[in-house]
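Below, subunit A partners subunit B and then partners subunit C, in two separate complexes.
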Partner chain A sequence: MTELSAAPPLPLVMRRKRSNPWGYLFALPYVAHFLVFTAYPLGFALYLTVHRWDIVGNDQPFVGTRNFQKLLRDDLFFTALKNTLIFLAVHVPLQIVVALALAVVLNGPIRFRTFFRTAFFLPYVTSGAVIAIIWTQLYAGDGLLNGFLKVLHLPPQGWLTSTTLAMPSIAIMATWKNVGYYLMIFLAGLQNIPPSLYEEANLNGATGWQRFWYITLPLLNPAMLLVLVLSTIGAFSLFVEPFVMTGGGPVDSTLSVVLLLYRNAFQFLNMGYASTIGVVLALIIFLVTYLQRRVVEQELTY
Partner chain B sequence: MAAMTPRSRLNALSEPARQVLFYGLLLLAAFTFILPFIFMTGTAFKPPREVYQLNLIPHQPTTDNFKAVFTQIPIGRAVLNSVLAYGSITVSVLLFSSIVGYALSRLEFRGREFIFNVILLTMMIPGQLLLIPLYLLIVRFHLTDNLLGLILPGMMSAFGIFMFRQTFKTVPQDLIDAARIDGASEFTILTRVLWPLSLPTIITVGIFTFMGGWNDFLWPAIVIREQSLMTLTQLVTVYAIGGQSGGQFGAVMASSLLGVLPMVLVFIVFQRYYLQGIVSTGIKG
Partner chain C sequence: MIRRSLLLLLALSTAASAQQALTFWPSSNPEEIDFAKAITAAWNKANPTQQVKMQPLPASRSTEEVLLAAIAAKTTPDVAANIYPGAISQFVAAGGLYPHNKLADFKSFMTARSGADVLEAYTSADGNVYQIPWKSNPTMYAYNVTLLAQAGVKPGDLATYSGFLDAARKVKAKWGGKKYLYAPNIDPTWWQRFFDFYTLYIAASGGKTLLDKNGKVTFDNEAGQQVFTFLASLFKEGLAPTSSTAANRFFQGEALIEPAGPFTVPFYQQNAPKGFKFDFVPPPMPDAMKGKPVYTYGDPKNIAVFTTAKDPAVAWKFVKFVLSKENDALFMKSTGQIPYRLNIGKDPTFAPILKARPYLKKFLAQGAYTRGVDDSKNLIEIFDAISRQYDAAVVHGQGDPVSAIKKAAQNARDIIDGF
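Then we have the complex of A and B:
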């Protein structure tokens, strides 16, 4: 590598000569797949936002900004957006706290590490749809969770039947399901922190909490940002859990944006409007994760 | 400072007592993560009259629920569909990711950096954005109710290409030069020199691709309507929520157990590769 960088820059003509035809040949499958299954759909998604199409006929009239106007007047869209944000507000902080706590514990000198790691990771490798089926029963009126409450002499809860409780219930389940993934990201971050920093802090008489606040947390910033961004994207993608557990109810209280998109596309066959929801959701995701990057990275460089 | 009070109280405990408390809490946490699986497994083996009781272990275990599942839905066929669809996707992703990854890491050509940047960009596109146009494309290709409708969009993976590119970058140039001097073609270098050196990456990309497909519900639910072509995850979910199970709760749990079992087994066998895979997705973000 050093030899290469030390060599004088090649004239452009010579550099061009070094193009290896095998390079083009080997990159070709990606380019072809990208054009058909990513670039074209992306373009078509944008095309659909200014057209109306019911997929049954060939008629695709141009409607200008009418899909966007409809979205701004669609109470259901704002309900779905609000519900998704409630999910996000419960899920993301809970996910960060639980995953980080378990990662710190697993990073310490503990016995049966493999057993605990396996236990925390197990839900992540299984299907979200099937997990949702199981939890529907745990959350049921006569289910296991209310059974526990009864033992503790607490009143039973309508986990999935109360309009205020249903979305937080789903958020708790999603946190349980994904904790293994985020825990591993934190664990990798923790293992990158040089032990010498802790030794020095110990010599200066720092307590466990001080070590956590002044060493672990600041040095974990890249992992924190990653977990924040990924769990936010995951939250905006919420679909299968409400689809399986509540169908969006009770009274649309668990209707997520993607569930609304799915309904418009595959029940009402309104491809143009559904695509508009998809484009707007993507823009919201870009905006929110961009802001997260800005804010969290600023904290790092204060 | 507020944290000092419980902490000093903890310090007042003797060391063995603190250990017991620590492991007690940790076991409780681990139990919380395993409990739903125990509940599912227990219920799957319960006779109907026990199903709504809260005992985790059935008093009189029965395999009737599994018999009901096997007679009511084509679950063997669904396993076959899943293995076919996601096996093909996994093989394709491994093959093409390593080919493209080789070009991007070891072959000089104009536009290489541009292609790599496009790949990085595509990893940031939210899936919901492409959901509808991709479905319309599959309709246009007449590939609904066809396993190819599941397979084709998933044959290439930006994550896979990225992983192989990073791995191949670490291979010493001498090894590749030596093979070239021996007259090896670029494809031979890939299969004979680079593949054997990249086994952990092959396994990691393989299990993540396979698992991601296997556990997916949304895409099969859109592309496949015909029951005999459904994937396992899809069929089990449709069985539970579509009314076909007729509220036989034991049978629903039995089919759920069959739905998650393959991925749990893959996880147990390949455990150590999961950590590597997640750490690498970390680099990607």
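Then we have the complex of A and C:
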């Protein structure tokens, strides 16, 4: 015992100093990028919540809690929050169910598997604005979708012009666009499940549904959590679709929090108020994703 | 080594700036680019030592956003055309615009060209003139001559609200709801309201704008209430469609009229179906206003010299060249738009243009009764507040139109008060 301590390994601090200069150098690009494009804007946004600034001028008077008071009185903010939650409630479950179902099918032995995987991924890597413009045409009063309804002798719908349909229409489109990405996450998760578990289940006479319910789903938990959190954050950031397709209408029914933020920032030049909206939204996202982790995450080994 | 390359850079950049030409940003629509090319070429030929480089405004969501970004980045051109007067106070607050009244012979030149009252209308509260009045596009209603006659409607019937609504009912009855007299724009984007609510408000109020002389909100007066009620009844009675379409309703004969300005005529001529006949009427007014002069939205666009101008005097010389009688005539000829110039109707220089395009006479006559927009840095936010109420009460029939315009006015007051 004493002999060992007589020749101790190098103290931790010294080891660090000796081994790290190259490490710092390699970390430098990321750290610089983080400081300039994440830390600084974040700090500046916090600073702006208690100031007023119109972007073009240098004048930034201190306004105390005025921006927060305005937020609490602003009906539009609460409308936008409600709309965003409606979007979330339609989009996230739909996204998970569709992506998971497709992943299970594409993980199995089917023809043209690579083709389908690519096809489902394509919308995700296509520009959101382009997709929004095309879907606007599909959803138009005289668009393709109403054309199908006509063939089936059903009445045409105001997909983007009805206050009740507009947000769900956008949610369906967003699901179609992003499904490829979440599909890939689920596929990766599925391929990590050892085939031996399924073989054993087969020997024990488990049905397909039982295998899915008792093996696939529990073992996909990490992927599920990731998809849930990412799609929730994505849903809270809803912007391009209403911006391009509806401008927030009809009657503010597709006004999302980020669209309201954009208008205040870049149309009305109220950067202080816009930053306040942004900071409050970030807090809400943090809270929701934290709760999701607490509820969904589970340690599991077989 | 570093010092040497820095010196080299410095030398290069001074060399470049010595040869740097005056920059000029015109609007990016094809007719105006052609006009800008022609005058730039003519100027460069006559002024070999003071060259002008023309570069159309980058196509974007709006000219204002592009210019504001340029002011913030100090990359503004020497001269830009097609500036919307509603954005001037923002540009001034950002320190972007040159006070043109400080230029030699500015006042005398502009008074001679456009008249003293036009110049006064564009003088800012601090007594400076930050914009050079250039052109106006009085908003009128274009109508489909053939279909309107088929519906049994005379163009004069559209002058009052009751006549207009009757005409809309006739059109609905005649074609069983497949055609409309007027399909107002239902996009809630703020500037769309220029061509429905705002045009009708200027007409109904006998030439008022949203704010009074002291900057107070007044548009929830009787005129404002009448306009909202009128527009809402179009939608409520099913005389206007609440869905949008990617197709051009006016060209397809689904809407018999639409708001238009002189700038829309070249578009009609190039894109309308064969045999499409159109003409223009002024906007409708409340019945009680019958017989009074009809004011309308002038959709003015101006020119400005920026504070980044290397030599404001040279920039002004170029602007004077653009605004000369010959170039005003060339502008009118190539774009079909109307310069802010006195006595165009009597001037022989313009006579052949008016003869070739007789419809321009209607716009010229209307040009004397136009209003622009208020000079307020909150203008976009105020129009947005109006547009939200328009969307809810007018298009979707939620709540009554009178309370809606009052609510929009209250929102506008809160915006001006900073809350």
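Assume the second predicted complex is superposed on the first by the 266 of 302 C-alpha atoms of A that agree within 3 Å, B and C clash if a C-alpha of one lies under 4 Å from a C-alpha of the other, contacts with A are read in each partner's own complex, and residues count from 1 in each chain.
By definition in this document, contacts are C-beta pairs under 8 Å (C-beta built on N, C-alpha and C of every residue); 3 or more make two chains touch, one makes a residue touch a chain.
Note that the coordinates shown come from a computational prediction; the quantities given were computed from them, not determined experimentally.
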Should A:145 be classified as contacting the first partner (subunit B), the second (subunit C), both, or neither? neither
After superposition on the shared chain, which partner residues are touched by A:50: those of subunit B (first), subunit C (second), both, or neither? neither
Give one of first, second, both or neither to describe whether A:137 is in contact with subunit B, with subunit C, with both, or with none. both
Most subunit A residues touched (candidates subunit B, subunit C): B
After superposition on the shared chain, which partner residues are touched by A:288: those of subunit B (first), subunit C (second), both, or neither? neither
Identify the partner contact of A:244: answer first if only subunit B is touched, second if only subunit C is, both if each is, neither if none is. first
Identify the partner contact of A:20: answer first if only subunit B is touched, second if only subunit C is, both if each is, neither if none is. first
Under the stated touch criterion, which partner chain does A:266 make contact with: subunit B (first), subunit C (second), both, or neither? both
Between subunit B (first) and subunit C (second), which, if any, makes contact with A:41: first, second, both or neither? first
Answer with first, second, both or neither: which of subunit B and subunit C does A:252 touch in the superposed model? second
Subunit A contact set shared between subunit B and subunit C covers 55, 137, 142, 266
What does subunit A use to touch subunit B in their complex? 16, 18-27, 29-31, 33-34, 36-38, 40-42, 44-45, 48, 55, 102, 105, 110-111, 114-116, 118-123, 125-131, 133-135, 137-138, 142, 144, 147, 176, 179, 181, 184-185, 187-188, 207-209, 223, 226, 229-230, 233, 236-237, 239-240, 243-244, 258, 261-262, 265-266, 271, 274-275, 278-279, 281-282, 285-286
Quick one: in the complex, what on subunit C touches subunit A? 65, 68, 71-72, 90, 93-96, 186-190, 241-247, 377-378, 380-381, 384, 388, 391-392, 395-396, 398, 419
Where on subunit B does subunit A make contact in their complex? 3, 7, 23, 26, 29-30, 32-37, 39-40, 43, 52, 54, 96, 99-100, 102-104, 107-112, 115, 118-119, 122, 124-137, 139, 152-153, 155-156, 161, 186, 211, 214-218, 222, 233-234, 236-237, 240-241, 249, 252-253, 256, 259-260, 263-264, 266-268, 271, 274-275, 278-279, 282, 285
Contacts from subunit A onto subunit C in the complex sit at residues 54-57, 70, 73, 136-137, 140-143, 158, 160-161, 163, 247-252, 263, 266-269
